[in-house]
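Two complexes are shown next, each including chain A; its partner changes from chain B in the first to chain C in the second.
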Partner chain A sequence: MLGQFLVHGVWALAVGAAVTFALGRRRQEFLVPARVSFALLVAGIGVLWLLLLGAVLTHDFRYTYVWGHSSRQLPFHLLLSSSYAGQEGSLMLWVFWLGLLGIAVHVIARRQGWEAEMMSLYSAVVAGMLLLLVAKNPFTFVWETYAEQGVAEGFRPADGRGLNPLLHNYWIVFHPPTLFLGFALVSVPFVFALAGLWRREYQRWIVGALPWLGIAAAVLGGGILLGGLWAYETLGWGGFWAWDPVENSSLVPWLFVVAALHTGLIQRRTGGLVRTTVVLVVLAFLATLYSTFLTRSGVLGDTSVHSFVDPGLFAYVLLLGLMVAGTAVSVGFLLWRWRELQREALQLSVDSREFLLGLGTLGLVVSAVVVLVGTSYPIVAELLGRPKVAVEQRFYNLLHLPLGVWILLLNGLSLLAQWRATPGKLFGKRLLLPAAIAGGGTGLLWMLGIRDGALLALAATAWFALAVNGRLLFGGLRRRPAALGAWIAHTGLALLLVGVVTLAALSWTSHARLPRGEPVQLGAYRLTYLGREQVEREYTDREKWRYAVRVEHRNGSVTIFPVLFWSDYNQRQSAFLEPGIAWRLAADFYMAPRAVESENPPTELVFRRGEEAPLPSEPLVRASVLRFEMGAQHGDTLEVAVWIVLRQPERDDTLRLASRMLALDRFLPLWQPFRDTLELALLRILPDRRELARSQAVLGVRRRGTQEREVLTVEFSLKPGINLVWLGGLLTVVGLLWSAATRLRQKRRIVTCPDGKYPAPVHEAALPR
Partner chain B sequence: MRLRPIVIVVLLLGVPAALFLAQRFAQVPEVTFAEALRLAEEQPSEERAPKVMIRGVVHALAAPGQVSPTFWMQDAQGQIFAVDYTGGEALPVLTPGTRVVVLGHAHGGASPYFHASEVRRE
Partner chain C sequence: MRLRARYWLGGLALGGFIALGISALESTAVPYVSIGEAVRSGARVQVKGTWVREIPPVYESQANLFRFVLQDEHGDRIPVVYAGAKPNNFELAESIVVRGRVIQGELHAEHILMKCPSKYEGGAPLPQ
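After this line comes the complex of A and B, so read on.
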């Protein structure tokens, strides 16, 4: 009950803080209660988080959220992760990050002298997110959720439903917290931008916002990268990137943030592109709201590999309202100050760095628009009365090939150019080496067998950007460590795209049926299915099998372990699959299990007591079940048996067929010879829970000497270049963090200058040539 | 040179072009029930089976008071299968023999059925 009330109370505090900070803009006396409200708000959010964590860790299944997303079987790291695995929990995590960041934002806002405006806006953002938590309260009790089903008040289920098996991966510990921290961080530059408009300080805001744009880009990018790693290790999510709505939802804000980071740099340098930068920062924030709406309102239905739960009408309306309100407030602020933002349009020389940087940024914006259009298409289609279908991945790939070329080419060119203008001769001289490296790198890929023109064009520009940034990076290591961040990030992006091209063009996939113990040649690889073992036996809610496949190749051999498992989570209706991956430097071996079947399976006969049927291949022999028998316990297995009567023309035989029942209703049949030709066994028992006497026995009949053999069908792939993707992603994140840290240090120097004022925007005339 | 005209031209041309292409790349494949089942079984979890479209005729309606399945349908291959409709719109009036198009995905297992999110009369 405390949690439910506290959610409402904390929301009221956020609203109170937003209003009192706004009033404090004109009357200082309002600032004291505003600060108290905000401090209580942050403390309240902390308490809410601890309450939820406590409920999860102590298995308090009275809460619907805890019951629905955790269980006693979960290991500690997954139990911890279940606190944000569901909608309510992930919203709570987002709010938690907002609360924690709020402390830093408050310090900065006070130092900058923008406390009233920034904190009013920030509190409003927190209030908006908390409103969602009011609608999707994680502290709702099971008897409230299932009141119609007659669940009694105070009922505490003995165990929870558990965590979706697809989420049983260590990446769940890192990916969602990083991603939601990224989402929370996007609101900081947004608050800077609107506060700048509010205060009519159209240049100063970007000084404060730039490091936060860098941090947001780094953290959000890191979250996306971790998600990619997770998706790579999970079958059915389409590899490390599948243009899925949930993936796209995090990519769009990231693209806008990175675009704003670049136009912000131009603004700091030239004083221009103010409106563009404000609009991009606002778009980045609105994109996080829109993403929340898309992925939590249920509007995308079954158009994603991620499951979307219909949150109910109230939450749907709230989500829609929040998005509309966020847009209205942002647009309102922009319109309010639009005329004042109008200044003489920046005239840029086409050979200046700022012009080329601007064009490159336009590529990022177009990419964001393309992803937005593609992701939103199912909604547009529904509005037009067409089938609500997600667009194919080909749509994104087709459009991002030229966009990638555009962005990488302009990245390289902009770094070769100087601010304001670049003498042609100097530009030509600087261009020579990177162009030669691009040609050489592309030639190498051609020799490796890539013939696709579009991919080669992308590779050429990636090599070009790599060469330009790599050269700057090594040259700048001693001279300009402050500028290293950008070059590291660009190098990372270029490497990532070289990896994507290599992967797209040189990946190789083949299917193979692998009879146990029998080597199968697959191209240059020899695959042998060695056997399987049951893993995680300590958990009774799942049956998990690890299959060992040896892959022999020119340089040695490696054993890969794909996994197949069944879970109580879906009543064991269908298997969950995990790929086996051999992480290798040049190219990963990636093995997806597809099926496990038996070669020479026995013929199955299903009987109830009293029923009779002829034996296959021995039609004169009729079998019937006499009785069932629960046998002796052998360690952790139980022997069950069925007595059968075999009626033959000359005489009747009575046979006891036994089977060892392992955990989770798995049977190990013990084959019994019958005559010279046949073997019989009890394969399993199909119990009738209402009337045990009507349970069915499944008998197996096979020819003597026939060996049943397990056959594993796999999809075996070679993934060249995948490590370039990871390395590139990592470098991009590190570069962005470095860049943000550098700007934070620079900003601190400016903030603490004696008169407490920022320098005027740098004008063109003052720019060094 | 000013960046603004370039930005405006690119966005004015780019957004409609992206929408047009999105529409081109968002076609629902038309399949039979057997193919829908195969597609569903290729996925690790049936809930994430790709959306498909099946054309056919209503074979029989649910008995009065029966909630699930909604009706039985016969596809072009002559296979009869159960259709469970859970879409937001009210179902059109159906009678045995009505030609319909269903959109959704198949569920395999012991009792395979088609989980429809849209049912339209042809």
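After this line comes the complex of A and C, so read on.
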């Protein structure tokens, strides 16, 4: 009861804070209750989170959410993760981050002197998210959810449904919290922007917002990157990015944030592009709302690998309402101040850095629009009354080739240019070396065998951007360590794209059936399936096997361990698959398991004592079980045996078939010849616990000379360039964080430029003059 | 560069990209249809349905083919062939979206999408 009540209470506090802070703009006395309700709001959110965590950790299965997403078997870290593995929980996590961030936002808002406006807007954002939590309440009891089943009040199921085995790894500990922190962070620059409009301080807001744009881009980007690693390392999608709607809907806000970061830089330097920056920040925030709507309303249910649950009509309408409300408020603010926003248009000269930077940013915006259109197309088509459709991955790849070229080219060019204007000669001089490096690098890829023109063009611009930024990085390392962030991030992005090109053009995949112990040649590689080993035996809810495959290549050999496991989660109907990866500098070996089969399995006959059946392939011979024999100890193992009678037209034979019992369900059969053609064995015994005499014996019959063999089928691939992707992604995140951190430390000064003479860029020294 | 020339150039580039975008959208959008429609058209389509549990799915490791039978909401059935193994979570899938084309009465899948854990949230009975 407490949890459900508290969710409503906390929501009321958020609304209260939003209203009182707004009133506090004019009348100081309102600020005191506003601060109190905001403090209570943050505390209430903390309590809510602790309540949910406590319920999960103490296995309080009275809560439908806890029952549906965790179980007693889960280890501690997965138990923690199950607190946000489902819809309600992930909303709770988002709200939790908003609450925590709220403390920081309050501090900076007061320091900025914008407390009333910023806190009113921020509280409104929190109230919106809390409203979703009211609709998808994690503290609903099972007897409320299943009221029509007549569940008794106070009923506590013995155990929970558990967590999808695909989520059982350490990635779930890091990926979702990072992503949701990123979403929460996007609201901070949004609040800055609207507060700036409210206060008519159109230049000052960006000074405060810039570092937050950087942090949001870094954290959101880091979350996306972790998702890619997860997909690659555990889920066995083979790649790191699939243009899935859920992935896309986290990419779109990121693109808008990065675009706003760049136009924000132009605004800070030149005082121009104010409208553009405000609009981009607003779009970034609305994109997080839209992404919430897409991924939680079930509208894209048929087009994504991620699971969507229909949240019910109420939540659906609420999500839609929130999105509409968020858009309406933002558009309202923009229209209110639109005319004042940019009285003097910025004079952009073609050879200035601000112009080239603006063009590059346009590329980011177009990319965001492309992803948005592609993801929303199924909905748009349905709304237009056209048949339901969905676009393929090819759509995004096709359009992102020219966009990538555009963005990387302008990234390099804009850094070569000076603010305001660049003399042509200087530009040419600076262009020379990066252009040469781009040519050389592309030539290298050509020699490696890449012939695709579009990919080569992308690679050429990536090398170009890499050369420009690498040189600035190298030159600036000693002079201005504080300004390195941007170049690190750009170097990262360029490396990432070189990696993507290499991976797209040069990765190689082949399918192989690997009989145990028998080497199979696959191109330049020799694969041998060595054997398997059961892991995680401490868990009774799964049977997890690690398969060892040796890969011999020119310079040595390495053993890879793909994993197959059966879980109670799907009643062990089929195996869950995890790839095995040998992380190597130049190109990973990636092995996705496909199936495990038995080759030449013996024919099985199942008997009770006294039952009789013909032998397969020898129908004139009828077999029956005479008696069981629990035999002698052989070292650690027990020998069990069955005496059988084989009735034949000419005579009867009695045969003792023995088997070593390695475990209750594992037997080592000892094969016995019968006639010249067959071999028989006791494969296992199916004991009848109530009446031992009614136990069943499973006999195996096989042709003489055939051996049963296990065959592992795998998909083996070579992934060149994948490490450039990870390294590049990491550098991008590090660079963004670095620049945000240095910006936070910088003295806040208001930049205006009445005469258009802005300060010289800090890194000019690193370029030839 | 004169201002007017700049606008022309910008407009041209943007227009070109939009044209490319629309043509990409048209060529990569694959419609969702029923099995009957998929058989009639023979075009690349996506079919949503459930896999028929009475007929166990088979993975032929030699050929690397996965076969199962798909049933759509009208109750029509069609055998599906997929070049690959049985996907993760196949049993859990409450519905499946298959993208591919029908060739000689078989739906040749190039992509299978599992709609998984709609599961226990609502609807699913609570074991007591």
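We take it that the second predicted complex is superposed on the first by the 641 of 769 C-alpha atoms of A that agree within 3 Å, B and C clash if a C-alpha of one lies under 4 Å from a C-alpha of the other, contacts with A are read in each partner's own complex, and residues count from 1 in each chain.
Just so we're on the same page, contacts are C-beta pairs under 8 Å (C-beta built on N, C-alpha and C of every residue); 3 or more make two chains touch, one makes a residue touch a chain.
Here the structure is a predicted model, which is why all the values come from computation and not from measurement.
In the model built by aligning both structures on chain A, chain B clashes with chain C. In the superposed model, A:107 lies in contact with neither chain B nor chain C. Contacts of A:347 after superposition on the shared chain: chain B is touched, whereas chain C is not. With both structures placed on the common chain, the touch criterion links A:394 to chain B and to chain C.
After overlaying the two complexes on the shared chain, residue contacts for A:513 are found with chain C alone; chain B is out of touch. In the superposition on chain A, A:366 contacts both chain B and chain C. Look at A:380: by the touch rule set out above, it reaches chain B but stays clear of chain C.
Contacts of A:2 after superposition: neither chain B nor chain C is touched. With both structures placed on the common chain, the touch criterion links A:317 to neither chain B nor chain C. When the shared chain is aligned, no partner comes close enough to touch A:444: not chain B, not chain C. Residue by residue along chain A, chain B and chain C are tallied for touches, and C comes out ahead. Contacts of chain A with chain B, set against its contacts with chain C after fitting on chain A, overlap at residues 166, 235-236, 301-303, 305, 307, 350, 366, 370, 373-374, 377, 381, 387-392, 394-395, 398-399, 570, 573-574, 576-577.
Residues 1, 6, 17, 20-21, 24-25, 28-33, 46, 48, 59, 61-62, 64, 84-86, 88-92, 95, 97, 99, 113-122, 125-128 of chain C are the ones that touch chain A when the two sit in their complex.
Chain contact summary for the complex, chain A toward chain B: residues 166, 235-236, 273, 276, 301-303, 305, 307, 345-350, 355, 358-359, 362, 365-366, 369-370, 373-374, 377-378, 380-381, 387-392, 394-395, 398-399, 570, 573-577. Listed in rising order, the residues of chain A touching chain C in the complex are 67-68, 86-87, 142, 145-146, 149, 151, 155, 157, 161, 164, 166, 235-236, 301-305, 307-310, 312, 350, 366, 370, 373-374, 377, 381, 387-392, 394-395, 398-399, 402, 511, 513, 569-571, 573-574, 576-577, 593-595, 597, 711, 713, 715. Considering their complex, residues 1-4, 6-7, 10-11, 14-15, 18-19, 21-28, 43-48, 51, 53, 103-105, 108-109, 117-118 of chain B touch chain A.
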